[in-house]
Structures are given as C-alpha cells and as structure tokens.
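Dropping the structures in below, format is structure tokens.
Each of the next two complexes has chain A plus one more chain, namely chain B in the first and chain C in the second.
Right, the complex of A and B next:
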C-alpha cells in the first residue's frame, strides 16, 4: 500500500495543529511552518500526479479494513490532478499572504493548513460520508478565512456564506441518508454496484437522492440559482483567500463529475444518468447570469468573482454533454481558469492598495504608483482570462468548442461561451481603462504619472511582493507550451472518468465488476 | 411508530424552514438547529426502525440493528454542534459590528 496517498492529508493536519498550539509564537515561526508544509505538499502531490499518470488507480485502505467496510482514499488521474492544482495554488497564495495579509488576525496559518486538509480530502476520498466530513472541514476553515481581517462588509457577506452552507450540509445529509437507506453502503464504488442491482420500485427514490445531492454540489460549485453568495463572499474577503477559493468552486465541479459518472453513470439501472437532462441547461443559465454580473459590476473584485461563476458555468456546460472529448477539453480548461482567476484576484489587490481613494471601485482616482508593472500584469491576466490568443484561455476554449461539436446542444454552448467571453473582455477592458487611463490629476496638479515618482502614502512593491502573481501569470503560457502533453493527459483523465468500471475494479476487485456488468447485460 | 416518527420529522423540518426564512439572525439559527435535529433523526432511521435489538453482531443474536447510521449520526451531531457554536458567535459579532441583528446587516429603509 502506497502511504504517500494519505500524506497530503496528514501533513496539513499535523502542521495545522502545531501552528494552533504555537499561536502566540512569532509570526515568522508560523510563516516558516506554513510555507514548509505547503511546499512539501506540492512536492508530494507532484509525485502522486506522476504515479497516477503512469500507473493504475491506487487505493489507500485506512486501518486495513478492506472496502466496502472501511474508509478508503482513492487516487486516480482526476483526483491527482486536482490535489496538484490545489497545492500549487495554495503555495503561491501563501507566498502572497505572508506579505501582510496574515498580520490582520491570529490563526491565519493554522486555518490555511486545515483548509488544505479539507480540499485534499474531498478530492481523495472514496466514500460519500467522508466526502461530507471533508466538506465540513473545508467549510469550517473557509468560514474563518473568509472573515479573516474583519470589516463590516466582510462580516455581512460571511454571514450569508455560513448560513447557506450550513443549510447545504443538512441537505447533503438528507441525500446521503436516503441513499444509504436504499443501498446499504456509502463506499462510492460499492454504491455503483448496488445501484445497478437496485429493485425497480426504488428507482424514483434513488433518483430523488441523486438530485438532492446535486442541489448541494450546485451550491458548492455556485450554479444558478445558488451562486448569489459568491460575488459578495469572494469579492470582499482578503485577496489570497479569494485566490485560494478559486479552487473551492472546482471542488463542486469535481464532485459532480465523480458522483454522476461513477455512481449515477451508465450502469445505474433506473437511476442511470439522472443528471443528464439537468446539468447542461442549469450550467448554461449560470453562464448567462454570470456574464450579466461581470458587465454589471462596479467593482473590479466583484467582476472577477462573477468570472468565477462564468468559468463554473462554462466548465459544467461542457461536462454536461457527458462526452469523453468534451470532458477532456474541460480538464484542460480547469487548471487554466483556476490559476487565472486567482491571479486576477491578486492583481486586483495590488491595484487596490495603490488606489487610496477608490480601491477597486471603478471610478476615476489618482494614477496607481507603478503604472507599467500593474498595467502589464492586468493586461496579461485579462488576455488569459478573456480567452485571447496567444495565452491558455484561447487554446482551452478552442478545445472545448471543438470537443462539444458532436453534441446536439453545441450551438447553444458555442453561442453562450463566446458571448460570455465577449462580455468578460468588455468588462475587463472597461475596468482597465478606468483604472489606468481615466485618472484624476495628482495633488500638485500634474497628470503625467510616468515621469514622476509615485505620490506619497502609496506602498511600492518590490520583486518579492509581485513574484507569486508573476508565477501565476506565467502558468498561462506554460499551459500553451505544454499543450500537447496536457491534452494527452486530459484525454487519459477523461477516459478513466468515462469508464467507471476501472474505478470499481481498483476498489472492489474483478468480482464486483462482473456483478456490475451482469446487471447492465441483463437489462 | 413509523407514522409518529415521520410526523415528528415533518413538523421539525417545516418549523426549521419557516424559521430559516425569518429576517433576524436568532430565528434563523434556531431554524438551522431544528433542521439539523430533523436531519440527524432522518439519518438514524436510514438503518430502519427496530426496537430492543443490539447494534453488535454476535452468534447468539438472530437479529440486530444496523450500527452504521448510529455512527453517522454521532459524527453529524458533533459537526452540527461545532457549526451552531460558530454561527452563534458570528451572529453576535455581526450584530456588534453592523449594529443590527438583521441577516442583511440592517433593514431596508421604508420609503
């Protein structure tokens, strides 16, 4: 058994606990531990990603209680990719956060480690009740992080976020209880096998259970009409937290992909493909609503928060066709959109600190101190996120649009994804021109910011401050340069997802696969 | 017994939802708590209702009750307690910071 699989959970758990104990020690000590832990997790997940890419699906059996009785962690290509994305993003966000965000309150570093524990756990678990437990760990630390640094708007947005998610957790348990009552198992692979043999009388209840769970996952992923908490919560929290949360909505996307291909997939008898009629329309409506939000926002951070909604809508619309090519294209788009929205949240924060009066609100203010640096970074981020060549947004979108070609919904997806992209460009173009060009004169009456040193009271960023943002931005050309291997990897991921038999075989062995296939053959 | 149990669940959930739709934080938290109780009872009953049966499998017992839902409920109760404690503290802080216990941080001005 490969013990490395549980390491991305154990390390943040232990480190988080150690940092909690030493909360009164110096900030430097907490920062060192937090950064070391994140760095180690990144290296471990890189190794796991390599193993998953080249090898079969691996399973980690806790306490050696063999499935379906014990708790298991499962590492396949999709979960390996997700934990790798999470840990790279977390490392960069933490590097940004140690430049001042973590001074605004105690326990930032401990919460950050527990957040990583929750996210990694949700990606790795092979058991639907543990998915609930890891969701709760993730949410409880995210409540702390959203409110970190306080402020009235942050508290108000946090309040909505917390209450909605508490309600979501209750509904999650109703869905889990319903499915357990009917199937008698919580192991996802075992549920798939049992669902294939479930009596036809129970089909309606099983479908209800599946769709109740979809309601919860839609809340996590921020699908219409359950995304209204997101713009405020993400828009008003501190920048590194918002950047890290770019991956939290992707947890919802991941879970939808996992549960509705594995448990409620082709073999699920009366509840087979229960989500297929729902996902695509809901995702397209989300895309439209998000795009309207993007152009309607009067604050750069809210614009970017709505772009998170748009990216979730795009991803799930493409996944909603449930075709292997389309899923592969979505897998290429997923890292791009996660890293680029995170980069834009950080750039917006850099801009905010240099615009003393307006912050990120889109009204004219005195010019920012480092116009060339911030302007170029904003341009790079906008080109990538807007989907213009030559950066990764363009290649990923082309792949998605060709991937859905054979679907009957292709005209809808094409139109809405392209119009959504146009809206994003309009919004970012307008934001950039207001922030960088439509400036009011400096205090001494001059307007030529280029020839003057920055006006007083503005923080000037050194190389270390902007480095995490530059690295995040550099991922975009990297994704284009590695386009060949990346799309091959994505195709391998999609192939694994669309064949749940592989997953069942890795967890329960060949007999269970025979059982699963016999049900499909007998129908 | 099934009917009584279902009726209890229904009343709890109905009251919980009604309270959650109120405008002030305290009723909303009460509603979340009631919903949490209802959900815990629902989870418990997912192992079917049986009386006077042990949850431990042994050779001299012909029948036993499903022990797993009991473990699940225990987990759910612990998590639920932590969440309620957190949201109470958050509500107190919000009413201190925003000067109102309305869930939106202040009521719309009547014009």
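Right, the complex of A and C next:
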C-alpha cells in the first residue's frame, strides 16, 4: 500500500495541531512551520500526480478494513491533479500572507493548515460520508480564515456564509441518509454497484437523493441561485484567503464531476445520468448572472469575485454536456482559471494598499505608487483571465468551444461563454483605466489638484512581495508552452472519469465490475 | 415499523419548525437555535433509517453518522455563537438588518 497517499492529509493535520499548541510562540516560528509544511505537501502531491499520471488508480485503506466496510482514500488522475493545484496555490498564497496578512490575528497559520487538510481530504476520499466530514473541516477552518483580521463588514459577511453552509450541511446529511437508507452503503464505488441493482420502484427516491446532493454541491460551487454568498465572502475577506478560496468553488465542481459520473453514471439503472437535464441550464444561467455581476460591480475585489462565479458557470456548462472531449477541455481550463483568479485577488490587494483613499473602489484617485509594476501585472492578469491570446485563457477557451461542438447546446454555450468573456474584458478594461489612467494629477510637491497634502506611508513593494504574484502569473504562459502534454493529460483524466468501471475495479475488484456490467447488460 | 415512522415524522416536523424559525426570526441567537433544531430533525430521521433491515436488528452505521453529525454541529454552533457575540460587539445590534448601510460605505 502506498502510504504517500495519506501524507497530504496527515502532514497539515499534525502541523496545524503543532502550530495551535505553540500559538504563543513567535510569528516567525509559525511562519516557518507553515511554509515548510506547504512546501512538503507541494512536493508530495507532485510525486502523487506523477504516479497517478503514469500508473493505475490507487487506493489507500485506512486501518486495513477492506472496502466497502472501511474508510478509503482513492487517488486517480483527477484527484491527483486537484490536490496538486491546491498545494501549489496554497504555497503561493502563504508566501504572500507572511508579508503581513498573518499579523492581523492569531491562529492564521493553524487555520491555513486545517483548511488544506479539509480540501485535500475532500479530493481524496472515496466515501461519501467522509466527503461530508471533510467538507465540514474545510468549512470550519474557512470561517476562521474569512473572518481573519475582522471588521464589522467582514464579520457580517462571514455570518451569512456560516448560516448558509449550516443549512447546506443539514441538507447534505438528508441526501446522504436517503441514499444510505436505500442502498445500504456509503462507499462511492460500492454505491455505484448497488445502484445498478436497485429495484425499479426506488428509482424516484434515488433520483431525489441525487438531486438533493446536487443542491448542496451547487451551494459549494456557487451555482445560480446559490451564489449570492460568494461576492460578499470573497470580496470582504483578506486577499491571500480570497486567493486560496479560488480553489474552494472548484471543490464543488470536482464533487459534481465525481459523484455524477461515478455513482449516477451510465450504469445507475433508474437513476442513470440524473443530473444531465439540469447541470447545463443551471450553469448557463450562472454564467449570465456572473457576467452581469462582473460589469455591474464598482469595486475591483467584487468584480473578481464575480469572475469566480463566471468561471464556475463556464466549467460546469462545458462539463454539463458530459462528453469526454468537453470534460478534457474543462480540465485544461480548471487550473488556468484557479490560478488566474487567485493572481487577480492578490494584484487587487497590491493596488488597494497603494491607493489609500479609494482602495479597490473604482473611482478616480491619486496614482498608485508603483504604476509601471502594478499596471503591467494587472495587464497580464487581465489578458490571461479575459481569454486573449497569447496566454492560457485563450487556448483553454478554444479547446472548450471545440470540445462542445458536437453537443446540441453548443450554440448556447458558444454565445454565452464568448459574451461572458467580452463582459469580463470590458469590466477589467474599465477598472484598469480608472485605476491607472483616470488619476487625480499631482504637482511637483506631491499635492493633488484639490491641494490636499501628499500621503505618507504608501508601501513600496520589493521583489519578495510581488514574487508570489509573478509566479502565479507566470503559470499562464507555462500552461500554453506545455499545451501538448497538458491536453494529453487532460484527455487521460477525462477518459478515466467517463469510465467509472476503472474506479470500481480499483476499489472493489473484478467481481464488482462484473456485477455492475451484468446489471447494465440486463437492461 | 411504527416507531421508526414516528421518529422519521417527528424529525421531519422538527426540521420544518426549525426552517420556519430560521426564516421568520431576525435575532441571530434564534437563527442559530433554529439551525440546531433543523439539525436535530435530520438526526432523528437518521435514527429512523437504522431500522432498515427486516429482521429487527438495528443498523449501526446511521447511529455512527449521527454521532459524527452531533460533533460537527457542536463545533458549528460554537463558531456561530462566537460570531454572533462578535457582531454584537462590533455593531451593537443582533440582527442582519443594517446590511445595506454597511455595504454602502
């Protein structure tokens, strides 16, 4: 058994606990431990990604209780990719956070490690009740992080987030309970097999269970009409946390992809493909609503928060066709959009700190301190996120649009994705021109046109400060340069996802596969 | 069988009483209590699900899930209460009423 699979869960758990115990130690000590842990997780997930790419699906059985009785972790290509993205992003966010964000309150580093535990666990688990538990770990620590350095607005936005997710958890439990009551198993692979043999009179209840779960996943992924918590929560929290949360909505996307291809896939009898009529329309409506939010926001942070909604809508619209090519294209888009929205959150924070009066609100103010540096970074991020050549947004979008070509909904997807991209460009172009060009001019003494005295205390960023942002931005051209291997990898991921038989075989063995297929043949 | 129906029905009733309170009462403490009552309703449904086998033996897995759920809801309630206290300390009020004004500045 490959013990490396559980390491991305154990390490943040242990590190988080150690940091909690030493909470009164110096910040430097906490920072060192947090960064070391994140770096180690990144290296381990890179190895896991390599193993998953070249090898078969691996399973880790906790306590050697063989499935379906024990708890298992499953590493396939999709989950390996997701934990790798998460850990790279977390390392960069943490590098940014140690430049000051973590001084605003205690326990930042411990919460950050627990957050990683929750996210990695949700990606790796092969058991639907453990998925619930890891969701809760992820949420509990995210509450702490959302409120970190709290003000009144941040606290109130956080309260909304807590209440909504509290309801979401109850509903998740209802869905899981319903499915367990009907199927008698919580192991996802075992559920798939049992669902194939479920009696026909339970079909309606099983479908209801599947769709109740979709409601919860839609809340996590921020789909229409359940995304209204997102712009507040992401817009008001501290920048590195918002940047890390760029991957949290992708947890919802991942879970939708996993549950509705594995459990409610082609073999699921009466409940087969239960989500297919719903996902695409809901995702397209989300895309439209997000695009409207993007152009309507008067604050750069909120614009970017709405871009997260747009990216989720785009991803799920493409996945909603449930075609292998389209899923492969979405897999290429996913890392791009995660890293670029994270980069934009950090750039917005750099801009905010140098605009003492206006912050990220889009009104004319004095020019930022380092116009050329921030302007170029903003331009880079905007080009990538808006989907202009030569950066990764363009290639990913082209792949997605060609991927959905054979679907009957292709005209809708084409139109809305392209219009959404145009809206994003308009909003970012407007934001950039207000922040960098429409400035209140300064005279030689540093006073502005209203003869207010010059500001003091505008921070000047050194190399270390902007390094995480530059690395995040550099991922975009990297994704283009590695386009060939990346699209091959994405095709391999999509192939593995659209054949749940491989997953079932890795977890339960050949007999279960025969059982699964016999049900399919009988129909 | 009738006992489990009683549990499931009672749980459903509790869930909707909680949902009603959550939507109707503006006070944060009441909202937190309401969410807790909703959670208890779900747990009761789970206990009812334990009677799924026909030979009268109770399935232990739903009970294990309820225990986990209780731990989780305890943590949640604690976090929510701390938040409510913090909101009261920062804004002096115990509701969401002033949201619009806060978003405006």
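By our rule, the second predicted complex is superposed on the first by the 509 of 523 C-alpha atoms of A that agree within 3 Å, B and C clash if a C-alpha of one lies under 4 Å from a C-alpha of the other, contacts with A are read in each partner's own complex, and residues count from 1 in each chain.
Assume a contact is a pair of C-beta atoms (placed from the backbone, for glycine too) under 8 Å apart; a residue touches a chain by one contact, two chains touch by 3 or more.
Everything numeric here is computed off the predicted structure, so don't read it as measured data.
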{"item": "Side-by-side fit of chain B and chain C on chain A, or clash", "value": "clash"}
{"item": "Touching partner for A:415 - first (chain B), second (chain C), both, neither", "value": "neither"}
{"item": "Which superposed partner A:133 touches (first chain B, second chain C, both, neither)", "value": "both"}
{"item": "First, second, both or neither for A:163, with chain B first and chain C second", "value": "both"}
{"item": "Partner chain(s) touched by A:155 [first = chain B, second = chain C, both, neither]", "value": "both"}
{"item": "Partner chain in contact with A:181 - chain B first, chain C second, else both or neither", "value": "both"}
{"item": "Contacts of A:405 with chain B and chain C, given as first, second, both or neither", "value": "neither"}
{"item": "Footprint overlap on chain A, comparing chain B with chain C", "value": "129, 133, 136, 140, 143, 147, 150, 152, 155-156, 158-160, 162-163, 166-167, 169-170, 173-174, 176-177, 180-181, 184, 186"}
{"item": "Chain C residues touching chain A - in the complex, by the definition given at the top", "value": "15, 22, 28, 31, 35, 38-39, 42, 45-46, 49, 52, 59, 61-62, 65, 68-69, 72-73, 75-76, 79-80, 83-84, 86-87, 90-91, 96, 99, 102-103"}
{"item": "Residues on chain A engaged by chain C in the complex (per definition of touch)", "value": "129, 133, 136, 140, 143-144, 147, 150-153, 155-156, 158-160, 162-163, 166-167, 169-170, 173-174, 176-177, 180-181, 184, 186, 232"}
{"item": "Of chain A, residues touching chain B in the complex", "value": "129, 133, 136, 140, 143, 147, 150, 152, 155-156, 158-160, 162-163, 166-167, 169-170, 173-174, 176-178, 180-181, 184, 186"}
{"item": "Chain B residues touching chain A - in the complex, by the definition given at the top", "value": "20, 25, 28, 32, 35-36, 38-40, 42-43, 45-48, 66, 68-69, 72, 75-76, 79, 82-83, 86-87, 90-91, 93-94, 97-98, 103-105"}
